[in-house]
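Naming follows writing order (A, B, C and D), and every chain is counted from residue 1.
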Amino acid sequence: MVKLALFGAGRIGKIHGRNVMLHPDAKLVALYDPYQPNADELSQALGCVQMTPQEIFADPSIDGILVCSATDTHADLIEQAVACGKHVFCEKPIDLSLPRVQQVVDKVKASKIISMLAFNRRFDPNFALLQQRIAAGDVGEVEMVSVISKDPSPPPVDYIKVSGGLFRDMTIHDFDMARFLLGEEVVEVSAQASCLVDGAIGEAGDVDTALVMLRTKSGKLAQISNSRRASFGYDQRIEVHGSLGMLTATNVNEHTLTSYTQDGVNSAKPLHFFLERYEHAYQSEMGGFISAIKGVDVVLPNMEDGLQSLRLAEAALLSVAQKRTVLLSEID
Amino acid sequence: MVKLALFGAGRIGKIHGRNVMLHPDAKLVALYDPYQPNADELSQALGCVQMTPQEIFADPSIDGILVCSATDTHADLIEQAVACGKHVFCEKPIDLSLPRVQQVVDKVKASKIISMLAFNRRFDPNFALLQQRIAAGDVGEVEMVSVISKDPSPPPVDYIKVSGGLFRDMTIHDFDMARFLLGEEVVEVSAQASCLVDGAIGEAGDVDTALVMLRTKSGKLAQISNSRRASFGYDQRIEVHGSLGMLTATNVNEHTLTSYTQDGVNSAKPLHFFLERYEHAYQSEMGGFISAIKGVDVVLPNMEDGLQSLRLAEAALLSVAQKRTVLLSEID
Amino acid sequence: MVKLALFGAGRIGKIHGRNVMLHPDAKLVALYDPYQPNADELSQALGCVQMTPQEIFADPSIDGILVCSATDTHADLIEQAVACGKHVFCEKPIDLSLPRVQQVVDKVKASKIISMLAFNRRFDPNFALLQQRIAAGDVGEVEMVSVISKDPSPPPVDYIKVSGGLFRDMTIHDFDMARFLLGEEVVEVSAQASCLVDGAIGEAGDVDTALVMLRTKSGKLAQISNSRRASFGYDQRIEVHGSLGMLTATNVNEHTLTSYTQDGVNSAKPLHFFLERYEHAYQSEMGGFISAIKGVDVVLPNMEDGLQSLRLAEAALLSVAQKRTVLLSEID
Amino acid sequence: MVKLALFGAGRIGKIHGRNVMLHPDAKLVALYDPYQPNADELSQALGCVQMTPQEIFADPSIDGILVCSATDTHADLIEQAVACGKHVFCEKPIDLSLPRVQQVVDKVKASKIISMLAFNRRFDPNFALLQQRIAAGDVGEVEMVSVISKDPSPPPVDYIKVSGGLFRDMTIHDFDMARFLLGEEVVEVSAQASCLVDGAIGEAGDVDTALVMLRTKSGKLAQISNSRRASFGYDQRIEVHGSLGMLTATNVNEHTLTSYTQDGVNSAKPLHFFLERYEHAYQSEMGGFISAIKGVDVVLPNMEDGLQSLRLAEAALLSVAQKRTVLLSEID
């Protein structure tokens, strides 16, 4: 039985905590959240104790930790986990500072812990299957990847001020997906961006609508389109064009009904947002982490993947600012 | 906490047992299966004790029973439950003999127990939504209901010999769905049927391919098409045509990918069979039973619904045999 | 150059007249319509002369006639064509009286003229392709055919009074399609029908909503669902279930746009009615007739097909009236 | 009756010539092609005379010309048409030299002739409807436009050598579509491109796979994805994301059949290439030209549109070469 402890009992912490409890081979033994109401509620709901961070790291029976706390605690917690030999499952981002992320990645690499950065979309059953099919050669050589990724509505401006902005908090998932599907490292990044959805976002120094183009060494191309607001719901689609054909993954919809009336033909909207759309992905990614701890040979998105996606975000920001194609090698 | 006991630890018993365990307000406290390996395996997996039927019925702490045992035990178990004041969740059919079913229905009606016949498809999220939309008037007055229902492959002939045949074991679900959606009792039944899939089924006196037409008092029509074999998987679709339009529920597919190659455009097959397709329906129906025991006012398919669908099956058999439209009032 | 003359310059006559003119190998040389305004308008539009029936039949340069006049003139015109050795393209039905139709069919069979009954749907590109694929074995042995056929709105009751009613004027197309796709003659017919759309139709002695089941000698089954009113437009779909799989032909829609808003996902309605939906079918069927006259070996729906579909309509009427399955052999 | 003369009796000339002949209000009276076999074949097929260019321009009965000849003759022919007061329908491009195009545009603007540059896709029924819906506010303010445009297979390298390359001969249509749908002039262009399909294209100095991003003054964004080879056929799709929702136009497919077998669910490929896909667009654009000559107030893509799209192509080339975002104001 894999024993895990959770840092952070907020929205995403609740999801991961529950998924551990649902897993037949794992148990959430403790959690910590400095905001006591959250800690109380979740520890009660899941039937686990509360511990201080010190207690968690000191407890030899705890195999690994789940880092779902505030972004500015991630890097420190990972380093402590390394120091204590505990495996780490960490919500993205590792940190908003690229040098700090590099430090963490170096330490993790030098250690023997299993580390996973929670790029949940890789575990979406459809996207995972898409990647398997590409890897199996179903569309021949990959030539172009298109990632469409739009949120139903923008987050509060207060969140945007601390999130690092659209490229670092939202596009970062799409960068990871592009890397996952291109199967080759990106070398060039171009981006264009605007503030079209909410003027307050622009006043906070961020954008809410963006396009990105990526290019790998061998010339494969990827494009990402982002908006903070899709009135019809969470728009999460992928197209991969290859030498032998195209593979697409459409949205997952609320139901399978279609109505036909004199007003037209009406079918279901996409599942509303990430909690609904990626419910299975969250279960599957936790399953992956637990399997890895149990010694199963699984490939997980790791800290290095977090670093690379953050570099792409930095490059996109630079591209917008300087109106030019940025070489990824410039970013470090 | 609702406490339940399970009769029958076979395939469907396992599903219902697990769904009880997953439910936050219920617990499976005991099970019984005369086939000891099944009983051992499931009691261990679910962490519940084994009891004899006598013990189960005698235990005042048990609120209700789940009847997932062999068909010929259903009627007796329901009657014992009535006698002991225990609620009953019963897999269909109640019995293959219409008079026996009538007896059971009468006893249940005279009692105060909550009884539910497990017409799982009513709880399929898409079909349930379809029914709600119809009831809300989305297509105006219902005029025609089409139920397409095909299994991926025929059951063993040995099963067919004891199941009562296609109309009683397979179409019965479609009869219930038609009743559920028509919102009015059927008065006339016509059927045509053939043995096209497997000659052994014909030798066993049954058919494997069938069409049925139903008519209600006010003239609403329904059609059912059945096959024991759809090479592409479980085909479970519904169309409802009304005065203001049409509502359809398509199959639920394995994934959302589509591939485009020089060979064509290829998308996902339907989920393979009922265990996959109706996974959520099984959870939801158990939730309904538990809610009802807790006093929530929910409408559940009951023993009377089982009786009416069996009458439709008998009428269909008679229609095929006598090549005529059968009045439901003839069947009793 | 094939030279044709047209009887009847109404709605369907205009379509066929124009399609002749658009054909590179044929010319409409004359037309006749007792209703002078129609005759004047169409002869002017198409640049052809008006002739009396006598003149048309007497003119040796005319290869064939297009019978688009009132139903009660069809049989006589076909017989005259036979007498004069002119090829005949005839709108359905040949006649509403089965014995009269039999007479005509016998005369046509004894002659050497090319005769075609305008079952236009066989020439719909999608349905034609469907039939070819079935014939090529794409779904193995055909086991069930489903024809969904609904008009956008009912015709005037005055039309219904002379049309022969739903089974003879509307379902007849579906009977032909079922025969076309079953590839085997029907031996049994059951039908259920109601008047749900418009009470005036019922007062006129007809129904507006109907289901039919057909069975061939080897046990293949077909079902037809009809309504005189589909609020969303012309509903013309087919499903064929066979031993190796299923082939479906969906509606043809007005456009390829889909809108995604907070109100839902909205796509195009089917093309409104037969003039839009079967535009290409009308061109293609006229092309088939002209090709046959030119000596090309093409299979066309003929007078015998008209007879058989009318027999199926008669059987359906009898089935509804007598509430029983009717053997087609009873109808003659 | 509008009288037109055709320059160029090749593939596209044949299409436009035939569409004139099919139009009730226009007539093709003459054609010229220096390649005599083409001239002979088409003049015979369409029943029109052959004239020299001098004769055409000198004939006062000819209202306008259709320029379907080699690209390097376009500019001169347009200038001659201006000089002779004849209306001009011209295949794109006007010329590959931007200054030359500017000269032509200036002359046309100073004249009173009706001029049309044949951006056929604006007349595709689906794309035209898409533009109308956007203009009607169906998706609110347009924020992002995505144009997917891939050919089934690359043209001969010899063509690429004279065509001006991918951005000038292929993407130019997508630039026009983006301008058509953005409803606002583009001010910034970024592009990335590769040679992935055919090495010979790279050796000829061109690319075969490309992504472009466009930005308007108010910050609206557009993205274009191009490939010279889509193994499944002509991929022509558009998505428009706006403040109130999204509108998409999918491919037009070969048929409406879907097959369901144990191998999967297979539906139709897109129509193979532009002749099939844009058949109706070609008819409609010729109708627009003829209507404009007849005095109807229609908006047509004009020479200025040709100039602007060519400027975008030049900007894209510069962006690829210099790895930077190019201001459209740099291009003149």
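Quick note on the criterion: contacts are C-beta pairs under 8 Å (C-beta built on N, C-alpha and C of every residue); 3 or more make two chains touch, one makes a residue touch a chain.
What you are looking at is a predicted structure, and each value in this text was computed from that prediction instead of being measured.
Seen from the Cα centre of chain C, the chain whose own Cα centre is farthest off is A.
When the interfaces A-C and B-C are ranked by C-beta pairs in contact, the top one is B-C. Note: centroid distance chain B to chain C, computed from Cα atoms, is 41 Å. With centres defined as mean CA coordinates, chain C is found 58 Å away from chain A.
Chain A has residues 230-232, 235, 244-246, 260-262 in contact with two or more other chains.
On chain D, the positions that touch chain A within their shared complex are 141, 143-144, 146, 148, 150, 188, 190-197, 209-211, 213-215, 219-221, 223, 225, 227, 229-232, 235, 239, 241, 243-246, 319, 323-325. Note for the complex: chain A touches chain C at residues 230-232, 235, 253, 260-262, 264-269. Listed in rising order, the residues of chain A touching chain B in the complex are 125-126, 129-130, 133, 138-139, 244-252, 255-262.
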